[in-house]
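The structure that follows is given in the form of structure tokens.
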């Protein structure tokens, strides 16, 4: 079997400026944050992001000036901050291009790409401005092959003239980066808990990079093939990155870090404070190991460790955030 | 007048919980909807099935999640998959009985804006998170419960962007638009409970919260509000408050 | 939680003449055979069957005269008999109506139904007579709402005029009957091994009836929610039916029964021999318990038991069958 | 002339196995394809990934399955899902390198009939199992290997039903029909190995099995067969025969 394990820095260096990319996870869990901090340190520019409900993974990339265009349904950390602060500012300042969809629509688009189809139908969006309006102009779409020539298309069913659906264009990205609990050197991965849309995001990408909390033996994961959702031959590179999703959670491994998230969100709308955050937690460290020290090291990380009975930390101190 | 006190958040959580019937499939979101769903499951609706778009179904929450992607939603879940399964197999097939929504602007037909403020969404004055699953829930749940901050500017004559379709222009306009079922059932706001007329689908005041009057609520609403027959919102029972405070949110994550 | 457990006879009695129905499993595994024998004893007629690759489950139903119309991709027991003998005869004698699809096409049709969509696209079928020809006439389709008004529809992608796909109409059945390894009284089910298209077949049916080798506690299956593929609220009835798939296999429980399959296939093309088979193994017994006695009782069943290490019986005596 | 013997089934299984390269994703069916795939995995292609349409990927077979739905395909598998995952995520995305096919009739362009015999398929003289996944593999695998009984009537001028499209009418007709990739690469029959000309896509005789002649094979073919440059089919090695007999099919499920 193949050995697909490479270093995190080497993996991140594979992503060029202007690349189309999607990241796994959902709002506050399983984002490949360590990989994202590497991209920021590498000063990647003009990235095209595709997602359903990203959180701070996108927000800090946008704030660091790495992103040109996004297609999304939602951008926030939910109860930690109901609007991604850098996302909001970038839009209001005209610093970013975007197109609005719904979560179902974006997942359907990833699904179409994963299935090798040009589009997939859904029954949602009717009557909404998500369907009626578009943020990207025809010209912007026509000028850039990274974006679908049409946002969507409404059609009647050929099997029932009184029935209509919305067709959504497939997504194909050059890269998908997903953070999982367990992976093997051969590229077999194990999602624990919610799988979000990681499987579909991976399958519609030319290159899949997996960052994992733990590297395990192939035989261990093959004992339960029903739980291995991604064919190993679709995974190109595997990186071993413990706490790779901090400050976000990884079910069965560790909880989100409310203190770190508060530090980020309290300052994110202020230019100086946001730059300070970048300087201290991203530019100020050379790699993920140093990052884990700066955010509080073993003591902080142990306080986030998941209780095996729950898969999270039931005694985690959580501030009220509204 | 009750000889015990409760906060506005508690009143809203209890009112939201009472919208859920036992055995129903509930599409819950973060915040008040989770308080309500969890309270319902621990009180009058033990067999309600709480599902989260991020992939879990039938969670038996032990700790209040801070997000739909919170590991806490895995507690006691019957199934854990992804967004595709929840949206395609459950929501789009009409199997979700009730979904919760909220937003920055809501019009008289229960259409909701959670995208941006400003006439041109391409150059918004204020940008929000965007739809997330809200548009999908609004389109495909059998009925929706809308949670809202009750201010004049949040209930305007017209909203800047229809993120989540309600009754659209009222009457049968929702069906005509291609939505075969569903629609807003009730708005639980910080001042009142509002429902929709059967034929016109226009909102009307069902009840005003204790301490307020029908007229006071109408005065704080941007569009003209039909207040005929409005009564006072029933207050939480002591048992509901006990469950809410001691079982649902002892950490005070959302409760005030 | 609900208690959805009812008797197998009561469950089978719910299916009326002329019902549309699909059965779980694939060629030689996990067919709800005990349920099917009940349907034959109940002398159900004019059933409409939908499937991808059924095996002897359909063949004996067809031979027993229970079936009016089928939509399928394949009907055989593979190496045990590369053509379903009663299926072949029924077609050649004009005793049955059918429409030919491919496995991918039928699974896509179940998927569309399961997703609440009127159709789903695929890239298969082009250039084939599966696409170009149809066994059911326009009149037959128009006359019967149980059948889609069109077999399929070819369309250009609205996102790329040079790209075309085949749209396949969704399937909706009144019943889906699936046989699984484990189920709870509440309707949570556990598939072990290949899930075939059972999930999609169940989700596009009005009533889902599950027959299970074992009834287990809800808490046991909820320990691994990632492996519960069917929301319990979509399951209406649960029946406890050990060896419910005999003579076909159930991964981790028992192997197929080569002797019983040989008995069936050796005689199936001969009217007298087939009637004898029905008389002895179906009409001649009152229920599944008696059936298990007639096929050889405990001794035979023990010889089929799966070795936990393999999930099947590695020492099973398998005749060469070609 | 080898100083060891082998049967026709063994020659065909070995010839089929040699079509599989190491590391390839192989879509295998029951019978000879399984013998071939299993032999390849145990000999020159240890990292070939054997997938079955019923839902398993990367099986490491310990016992020869009698069907694609045989519990034996679970042995050592990396993933076990359903038909939808295999067809949608792997086959339709072009990730299957080689697929195996067979049928009752095959024409000069590798189009295959496994549905029925008779001009009108609605009133067939003989009915078969039908496509199963064959049509899909023929449409969407990067290349296909066809296993066939070599008889005149099985290689006619025209076939009664195109269950599995090959090169259709030859040339670029396959692409024109909407199939963006794939097509038959080789036919391994009981008498010969046949391949397809690069431009015309018409079949030609690559090799005749030991003991036969090019002309003898042509005489047993219903359409006129191009035999220019045909050689003798390479025979199995002793090692291949050992693996086939002792490791792949010691039970003699398929081997003769």
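Labels A, B, C and D are assigned to the chains in the order they are written; within every chain, residues are numbered from 1.
Note that in this section a contact is a pair of C-beta atoms (placed from the backbone, for glycine too) under 8 Å apart; a residue touches a chain by one contact, two chains touch by 3 or more.
Just so you know, these numbers come straight off a predicted model, no measurement behind them.
If you take subunit A and subunit D together, the chains in touch with both are C.
Centre-to-centre spacing of subunit C and subunit D amounts to 27 Å, using the average Cα coordinate of each chain. Separation between the centroids of subunit A and subunit C, computed from CA atoms only, is 39 Å. Per-chain CA centroids place subunit B at a distance of 57 Å from subunit D.
Contact of a single residue of subunit D with at least two other chains is seen at positions 56, 74, 80-81, 88, 92. Looking at subunit C, one finds that residues 116-117, 122-123, 193, 195, 226 touch two or more other chains. Taken pairwise by the contact criterion, the protein chains fit none of the simple patterns, being neither a path, a ring, a star nor fully connected.
Counting only pairs that meet the touch rule, the chains in contact are A-B, A-C, A-D, B-C, C-D. The touching residues of subunit B, when paired with subunit A in their complex, are 30-31, 52-56, 62-63, 66-75, 80-84, 87-88, 91-92, 115-116, 121-136, 138-140, 161-165, 168, 173-174, 177-180, 251-254, 256. Those residues of subunit A that touch subunit D in the shared complex are 1-2, 114-117, 188, 203, 218, 221-222, 225-226, 228-234. Within the complex, the subunit B residues that touch subunit C are 25, 47, 49, 56-58, 74, 76-81, 88-90, 92-95.
By the touch criterion stated above, subunit C contacts subunit D in their complex at residues 25-30, 52-53, 55, 72-80, 82-84, 87-88, 91-92, 94, 100-105, 107-108, 111, 122-130, 132-133, 135, 154, 164, 193-200, 249-252, 255-256, 306, 310-312, 314, 318, 320-322. Within the complex formed with subunit C, the residues of subunit A that make contact are 116-123, 148-150, 153, 155, 157-160, 163, 165, 167, 169-170, 191-193, 195, 226-227.
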